[in-house]
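Following: one structure in structure tokens, then a few remarks.
For clarity, chains are labelled A, B, C, D, E, F, G and H in written order, and residue numbers in each chain start from 1.
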Amino acid sequence: MTQVIIFMGSDSDFDYMEAAIEELDKCGITYEVFVASAHRTPERVKKLITESEENGAEVIIAGAGGAAHLAGVIASHTILPVIGVPLPTLGLGGADALLATVQMPRGIPVATVGMGNSANSALLAIQIIALHNEKAKKYMENYRLQLKEKVIKKHNNVIKRMNK
Amino acid sequence: MTQVIIFMGSDSDFDYMEAAIEELDKCGITYEVFVASAHRTPERVKKLITESEENGAEVIIAGAGGAAHLAGVIASHTILPVIGVPLPTLGLGGADALLATVQMPRGIPVATVGMGNSANSALLAIQIIALHNEKAKKYMENYRLQLKEKVIKKHNNVIKRMNK
Amino acid sequence: MTQVIIFMGSDSDFDYMEAAIEELDKCGITYEVFVASAHRTPERVKKLITESEENGAEVIIAGAGGAAHLAGVIASHTILPVIGVPLPTLGLGGADALLATVQMPRGIPVATVGMGNSANSALLAIQIIALHNEKAKKYMENYRLQLKEKVIKKHNNVIKRMNK
Amino acid sequence: MTQVIIFMGSDSDFDYMEAAIEELDKCGITYEVFVASAHRTPERVKKLITESEENGAEVIIAGAGGAAHLAGVIASHTILPVIGVPLPTLGLGGADALLATVQMPRGIPVATVGMGNSANSALLAIQIIALHNEKAKKYMENYRLQLKEKVIKKHNNVIKRMNK
Amino acid sequence: MTQVIIFMGSDSDFDYMEAAIEELDKCGITYEVFVASAHRTPERVKKLITESEENGAEVIIAGAGGAAHLAGVIASHTILPVIGVPLPTLGLGGADALLATVQMPRGIPVATVGMGNSANSALLAIQIIALHNEKAKKYMENYRLQLKEKVIKKHNNVIKRMNK
Amino acid sequence: MTQVIIFMGSDSDFDYMEAAIEELDKCGITYEVFVASAHRTPERVKKLITESEENGAEVIIAGAGGAAHLAGVIASHTILPVIGVPLPTLGLGGADALLATVQMPRGIPVATVGMGNSANSALLAIQIIALHNEKAKKYMENYRLQLKEKVIKKHNNVIKRMNK
Amino acid sequence: MTQVIIFMGSDSDFDYMEAAIEELDKCGITYEVFVASAHRTPERVKKLITESEENGAEVIIAGAGGAAHLAGVIASHTILPVIGVPLPTLGLGGADALLATVQMPRGIPVATVGMGNSANSALLAIQIIALHNEKAKKYMENYRLQLKEKVIKKHNNVIKRMNK
Amino acid sequence: MTQVIIFMGSDSDFDYMEAAIEELDKCGITYEVFVASAHRTPERVKKLITESEENGAEVIIAGAGGAAHLAGVIASHTILPVIGVPLPTLGLGGADALLATVQMPRGIPVATVGMGNSANSALLAIQIIALHNEKAKKYMENYRLQLKEKVIKKHNNVIKRMNK
């Protein structure tokens, strides 16, 4: 069984999407990664979604830039929750990807996270899975505690820099 | 048990958020609605979240306009999935609410849906609940079929208008 | 044989798309109109394109608002020229539709025209058809002459208003 | 006979427009390239268009940045389909070129493609020519198949990177 | 002799451009008004400029909306100072007209004034003419004094409203 | 002694600025209101500031739209805290006023509040005065409690609407 | 007693916030610096504010990027004046932080300064403190004089560069 | 006699404003350059304008970034034509400077040129002066011819690059 499927529109998106993989790895969530294009390989996208559903997938993550249709097209083929990660591009700074991902029509939502913030797409997936998965829930509760500790560490870094 | 909690920043947001209530009603999802402000009543927000968690809430929806902090502040108090609905405002057209909702820092995601599109926040909540709730799953599968039929109806409307 | 296919995402888009129909009618171009949604009825979109191609379609026009994926999804299923008409929406003023239509990835272009300017999508279609269709070519040459005359008419309107 | 004419506003635009030339070369489409400015050499633009039309040109591509009037001015002199390529500039990131290219008035359409995406302008030109040119049609059908293969290659790149 | 030429792209622009006429009238500046389109009647634009120059025109004002090329195209045909008035449009709120007017390439400046602010285009024209026209100079000096008095009037209006 | 000075650029700004007056009235803060323009009456602005300082003014509020220089110009003439209220305008929705108010150079800050939100400018003024004025401090502490009660009232409004 | 509290959302914000520290140091204002996150450590934020108030804090400065809720969340816990510094981020260039900081709802103002301009946040704090602190007032009066001298220095730099 | 006065807000603006100086030098126009800040040295700005007017100045150029008030403040002190050059800044890409320069209120126009395009500010100044100065007129007529030749040169550069 694969719990999360990660789609990205191109191999050049991997630098942005790697953080999602790291977060899922830390939590012990199983996942698969596919490069697939809403426009260049529409059938492949559809086929991979069907197979993923049969394989027990619970959440789908999709990262894309430009006229980022990937998350929306995936959402049109499944009722699994689909999380969209808009990726920045030269020139328009990612406003295109953000709007093309979030402004979905009534009936087909995409759960959009921040620009290039694939880590948050993975954490949102874990939070969704945690509703029926005790291990994921424990992980997230602990994750939040660590988050607080990291802030203290960062605070100490600043105090050190000020004392130099 | 209440499955979904709907927060809104003001009673004037109700016109936008009513569609979420309608969608949850149709699916038979239990919900509660609270007006609460991230800035004016921060303690109330926190208390309502704790009570909701104890009450079995699975998903939280938050609609707000302007510097829309509500969804983000809620997300900081819980590991339940939080869905943000940016609401349009005069002048800047809702760009403020969209960016203030979606651009959350690493660690605390908000699942953002389209501008004023509270119907999609409810549908996303149902899709999340459907992962462990057979009735919700059936509902969504049927919903998507109806969506297709509605498109055919709209097509027929256009053909009628053209034939006039 | 149907020369041009006009897609729109909803019957509410008809008010914007009607001008395209008028322009095609004046030129005597044959066309069909379909309401179809990239997200709600992806299979229907694909099937209509295949049938249109078999039916001899030469150009496809697609008008949509919000995260306007319709033109891009159509373009992914055909090598016919696809013309996208971004439609304005409340709040973000249509910037979402413009960017989601025009910023297509390398390999799958959409010929985008101005915000809500479906008349221009029809005229562009006629200009494309005119490359191998003498009647359409004559029509466009004449259309441009009339355009010049209309400007003179508008000039006279202003002079009249000034003389009041 | 020259099938496609490529205009650019300055020699500094060549880095962006080179991809169009490459795509036309691969397809065996004949083309000519001109640097010409809508504002600095308006007569030259007009003269080149007239000569191109006499020479059998079928599609005109125009790339420009800033207040990018080049495509629109060309479109005002011909009924050949004109494809506009907005080019990014410092500061405003190309929003100026996008809007100045796409927002043409009723009567004079410019088929606008994505920011700096001259490859897509060439592919759109080939798709238009393919309507009456069997060789171009075959090329595009094959191009789309290759596009699908490239996505598989990119997928394999990502899998390799993940296995490192 | 006609001192100022006012161009507008359409008769529907007259509502915005009327304020320019009023300001010129008050100062006693001679002017002519033309509806002419950079795209629909490029030759007419050029011809009118040549005639205006022969007729002694000193400043040209051009108001246009959308991909507002009118001022720029005029500027390419003359070395008279050209003042551009971007006009607001539905959807994008006039950002298209502003950027298409102001972002001219090196060599061909357009003196751009605020959105729909044709009064300021006339005042700028008068300020330019005032450099060699004592009557216009006197008018402007007096105009500024009146401007100060108007502010006092507006102040009194507010005080009255507060005392109600 | 006058504690707060309210400037506005025009009498038409009064509709937006009235809320500031109401808030100051409720708290019992003394104030004066002036219409004055940074551009039309620069000397008047300077003179009023000097008089206000001599009169004991503690905080200055300035509301303006368009290229909103008023707050910045006031700030250049005084070291009293200056609060800027950007006012929305047609077309660009107030983005011009927001940026022209907030993006002040190093050395001359303007404390900018939200679009058209003059109530907040008054409340910020009271919070500043409360640092050395016990009555104002008490007022603000009570104001915040009332704010919480208003949220409960709004909550009850929504519950009532839902029960209809 | 600590007069000013500086919050920042992360240690990576220190590069932007350092200028505030420098300005406070020069004036001899006492301050404390905390890294604290509105979302990751909401309780810590609240606790630090309470302690700061007991410690005599007069002004709070908060710098944050992205969906910058920090200043707003702080403002919801105190009636001390809160100054927000929006920090730029990749992609959207800081528009997210600016809007999320400035567009606060009625009742809870944040005094927003320019993008990344933490120096101005410190100067605004000093101007506020100067209302009841003669030393700070003297400092600001002198600071403004020095500002004028710096402009003369910069003028001389330009003249030197021109004479090379 | 000095024909043109160039103001800039800071010595760091010189890199952008140098092109204006070059263009004036080539034409033999006399000019003076001042660093002066609308906010830091308002009196100096006013004094320099008065002196410039007495000295025979005909046109004033002002370049500034951020909340670029410099051109507007200058325009409020003189009836000479004032040309504004918005300069780009980090983060918001110069949109702040563009809007703060161009959106002047009725009565006080600023002739705004493109982002950082100080060359065009000088050329516009020369075009204005050419109305009563035969030497400047000859220069501009010749300049335009050279502009055409430069386009041919750029064309040849592209042809050379293509033949490599």
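Keep in mind that, in the parts below, a residue touches a chain if its C-beta (ideal position, glycine included) is under 8 Å from a C-beta of that chain, and two chains touch if they have at least 3 such contacts.
The structure displayed is predicted, hence computed values, not measured ones.
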Chain H and chain G - chains in contact with each: F
Separation of chain A from chain D, taking each centre as the mean of its C-alpha atoms, in whole Å: 34
Whole-Å gap separating chain A and chain B, where each centre is the average of the chain's CA atoms: 19
Inter-centroid spacing, chain H versus chain B (mean Cα positions, whole Å): 51
In chain G, residues with contacts to at least two other chains: 10, 37, 40, 66-67, 89, 92-93, 95, 98, 102-105, 107-108, 114-115, 144, 147
Chains that touch, pairwise: A-B, A-C, A-D, A-G, B-C, B-F, B-G, C-D, C-E, D-E, D-H, E-F, E-H, F-G, F-H, G-H
Chain G-facing residues of chain B, complex: 9-10, 37-40, 42, 46, 66-69, 72-73, 75-77, 89, 92, 95-96, 99-105, 107-108
Chain F-touching residues of chain E, taken from the complex the two chains share: 88, 93-95, 98, 114-116, 144, 147-148, 150-151, 154-155, 157-159, 161-162
Contact set on chain D toward chain H in their complex: 8, 10-11, 14, 21, 33-37, 40-41, 44, 66-67, 89-93
Chain A contact footprint on chain B (complex, rising order): 19, 58, 79-81, 83, 98, 102-115, 117, 119-121, 123-124, 127-132, 137, 140-141, 143-144, 147
